[in-house]
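Multiple structures follow.
Two complexes are shown next, each including subunit A; its partner changes from subunit B in the first to subunit C in the second.
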Partner chain A sequence: MNTIPITINDKKLDVDPAKTILEVCRENDIEILTMCHLKGIIDIGACRLCLVEIEGINKLLSACTTKVAANMVVKTSTERIKKYQRITAELFFAERNHVCSVCVANGKCELQQLGYKVEMDHIRYPHLFPHCEVDTSHPWYVMDHNRCIMCTRCVRVCNEVEGAHNWDVMNRGHQVRIISDFNTPWGESITCTSCGKCLHACPTGAIWPKAIVQGQLEKKPEIISELMEKRKMKL
Partner chain B sequence: MKSDTAILSKELPKTDPRVKLIAAKMKKENYKPDALIEILHTAQNAYGYLPKEVLAYITKSLHLPPSRVFSTVTFYHFFSLKSKGEHTCIVCTGTACYVKGAQAILNRLEQKYSLKPGQVTPDNKLGIQVARCIGACGLAPAVVIDNDVQGKANAEEIIETINAKTGII
Partner chain C sequence: MDKRKLFISPVTRIEGHANITIELDDNGNVSDALFHVNEFRGFEKFCEGRMYTEMPTITPRICGICPTSHTLASVKACEMIQGIQPTYTANLLRRLMHIGQNLSSHALSFFHLSSPDFLLGYDSDPAKRNILGIAEKFPDIALRGIRLRKFGQELSERITGKKIHIMGIAPGGMAYPLTEENRKALLNWIPEALQTVQLGINIIRKFHEENTAMVQSFANSPTLYLGTVGSGGEHELYDGKLRFIDADGIILQDQVSPQQYLDFIAERSVNWSYLKYPYYKPLGFDKGFYRVGPLARLNVATRMKTPLAQKEFEHFKSIGSGKPVHGAFYYHYTRLIEALSDVEDAERILNDPDVTSLHIQHHGRWNYDEGIGSTEAPRGTLFHHYKTDETGKLVKVNLLIATGQNNPSMNRSVLEVARQYVKGDDIKEGMLNRVESAIRCYDPCLSCSTHAMGSMPMVIEVKDKKGELIKRLERF
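For the complex of A and B:
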């Protein structure tokens, strides 16, 4: 296999040129924060948390969508990156109505973990407090738009893994919402197969099964990654 | 969010010339899912807006997920899910027109027809919209009635033209 030399955080590595910076970092135990990335589904670079500095490029680039190149010099934890990560995390919290204490995902939420990681003690931006609906029409699951961060992991899992494409995104800007079919209640969707993959893909408490009490939610996003690995295997 | 499973299963009348127009366009595009935007354009021009049952018809014919079609429609400002009215009156509120009294025209129109920008009369005859500069600053204040630009507009003249076109007195 051809390898190319790259440098990440002063560490010299020989890597496969087909990989992204994020994949290389994950393999070499270099921490990169992510929200919209889920192994097994296509990366879109939406959350802007995995931004890295690359020597010779002024802009910060998202590690999940940037492929490695020969002699690339990457830095993953400079002051500039940390500053932006903190801003991004705060904006996530300011955009919708996130109340950890009453959330089903309390303690197991990736957004909550992110807040701790970036050492967020307060939010410097005014909260939008948008009016969001809670869709309980599905017999087994609930979609709570208050806790959605628009990572679109559910959309991609539904399309790429399940192949149902029940979810998509409507509107633009701060008015974006995840919708099922023609913005119909989830329970009346004609495309949903009730497989529950979106539930495991969701990083927060936005999609959860009914009959779960506060803080008791168990999510296993890794089952989707494992499923995609198994599909690649030749029998 | 409201239930409309019934709307989605409703068949469109095949004799409707607007439906024929959309059907012809879809056939021309070979029912390719990539041609969604072009087909939506045809539908928007035929109806003036995109009714849910038309979206359902396009979705079914192109074998696309309904959510994909809905997200495309809500992303682009050109597409509208609500009727804009049979006749439209667009008041330019760009800087030049604003200075020359676009707001006074809007106020007069609101007083006359009880319509705020973006609203349509209950009988769907007239809709009033605003635009951010239509590029006719030399003619400020400019008003567009059914694609005809009226330069150096005066509220009373505008009302006369609208009444003549829509039959509202």
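For the complex of A and C:
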């Protein structure tokens, strides 16, 4: 295999040129925060948490969508990056109605963990407190838009892994919403197979099974990744 | 007639925020008194639109003192919606946690909030008339009170991993079992907890003996009573049927299913408080005031379920010669009799061989569009009533909280005590503490927080009809 030399956080590495900065970092135990990334499905650089500094480029670039290049010099944990990660986390919380104490995902939520990770002790931005629907029309699952961070993992999993494309996105800016089919109640979807992959892909308490209470939620996003690995290997 | 008013704001050493207004006539005599609850929570409204299965998680946040009661009433309503029952072991574990909360709450009420009045005196220095003052003068009592509360919280922690806003009480049962290690650790607490409760009983009985006239006359107007009882009329906290009695002890309704609560209880709003006025429907608003809580539960009960508590219960019953005891002061005593029963019952449950079984949950799904759950919170009978659409989304929520049901009586008690102790010409802090203590007897839980210290600011202002200040008394 051809390799190229790169430097990440002063560490010299020889890496596969087909890989992204994020993939290389994960393989070499270099921590990068992510929210919209889910191994096995296509990365879109939406959450902006994986921003890295690359020597010679003024802009911060998302590690999940940027391929490595020969002699690239990358920094993943500078004060500038930490500042933006904190801002991003605060904006996630300010944009919708996240109340960890009563959320079914309390203690098992990637957004909550992110808050701890970036040491978010308060939020500097005004909360939008939008009015968001809770779609309970599906017989087994609930879609609570109050807790959605628009990572679109559910959209991509449904499309790329299940092949159903029940989920999609409508509107723009802060009015953006995940929709089922052409914005119909989830329970009336003609494409949803009720496979539950979106539930496991969702990093927060936005999608959850109706029958459980706080403390009983078990999300396993890794099963999506394992499934895609097996498909690649044609198992 | 020219009216002057006394304002007690805030009322201290209670759970929540409230004020009292005392109206005086020209001669300085009390003409009226109003108990205002000046906080608004809005749970009934903002829970609309949520999934009904979220309610056992959302509603405990109403209160940091009695979250388990809210969870249990809520989960029972959910079980009615699903049409299922919890497993035997789940019921044992729920009872244990409920006992833990009741003990913890009663310990807080007696040792932290009320004992300063009994042990230090109503007219003692307000700066020291609190748990810190008790810790200084009676360190063993203060420590025991704190440890009894710890035991109560540990009963929840060792089952669900959390002391206060517990997780894992799910429709159909429990999410977590009790391990053998935790069962043994909890059993080790029993002897100490029994000793502490009995110490509390000795304190209150001694106070009764030394202050018989005051205890018997303190806010003792007759009312009806509501409480939950077992099938034989025995005292019950977790699961049973409702019993209403009148002021003479005559049973008005017995073995009423909590699902029928609306047939017997109605509510009315008043313009001076966010707390509604519930009343016993068959007798109407004017004659239907009833009380709930420890005093009501022991007044309605035929017997206790455990031997030591039964012995104390018999002494309590002898006070009223078998008839209901009306003095609000007896809330403290009945709270401790319940605590005694709690410790004995906890020991019984912990020795049940099925308490560590792994068969802890039945599973169900939405089947009915209405659910009503009830339990006895530390402060009295609690109802959760939900209506849903066909997907399980809540369209209506009604929560009838124990303190709300005591509201008319608390208001009446304030008036009685104010008439007994307050004279407008010469207001002393100790007088107003007695008025506050009438409220404290009921241990009202007005919100989810505890404002426990006597060091909280209190300002009393006497104003004339035009609102001009006549006298101002401050406590900081």
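As a working rule, the second predicted complex is superposed on the first by the 232 of 235 C-alpha atoms of A that agree within 3 Å, B and C clash if a C-alpha of one lies under 4 Å from a C-alpha of the other, contacts with A are read in each partner's own complex, and residues count from 1 in each chain.
One rule holds in what follows: contacts are C-beta pairs under 8 Å (C-beta built on N, C-alpha and C of every residue); 3 or more make two chains touch, one makes a residue touch a chain.
Here the structure is a predicted model, which means the values were calculated and not measured.
> Quick one: subunit B and subunit C on subunit A, clash or fit?
fit
> After lining up the shared chain so the two structures overlap, which partner does A:S180 touch, if you call subunit B first and subunit C second: first, second, both or neither?
first
> Roughly what angle, nearest 10 degrees, sits at the C-alpha centre of subunit A between those of subunit B and subunit C?
If I round to tens, I get 100 degrees.
> A:R172 contacts which: subunit B (first), subunit C (second), both, neither?
In the superposition, A:R172 touches subunit B alone.
> Once the structures are superposed on A, label A:K210 by its partner contacts, choosing first (subunit B), second (subunit C), both or neither.
Touch partner of A:K210: subunit C, not subunit B.
> After superposition on the shared chain, which partner residues are touched by A:E188: those of subunit B (first), subunit C (second), both, or neither?
A:E188 sits against subunit B, while subunit C stays out of touch.
> Smallest separation in Å between any Cα of subunit B and any Cα of subunit C in the superposed model?
13
> Residue numbers of subunit A touching subunit B in their complex, please.
133, 135, 159, 164-172, 179-185, 188, 190-191
> Could you pull out which subunit A residues touch subunit C in their complex?
That would be residues 101-104, 106-107, 134, 136-137, 139, 142, 187, 210-216 of subunit A.
> Tell me, which parts of subunit C touch subunit A in their complex?
Per the touch definition, subunit C meets subunit A at residues 49-51, 53-54, 56-58, 61, 160, 165, 167-171, 175-176, 363-366, 389, 391-393.
> Show which residues of subunit B lie in contact with subunit A when the two form their complex.
Interface residues on the subunit B side: 1, 3-5, 8, 52, 55-56, 65-71, 74-75.
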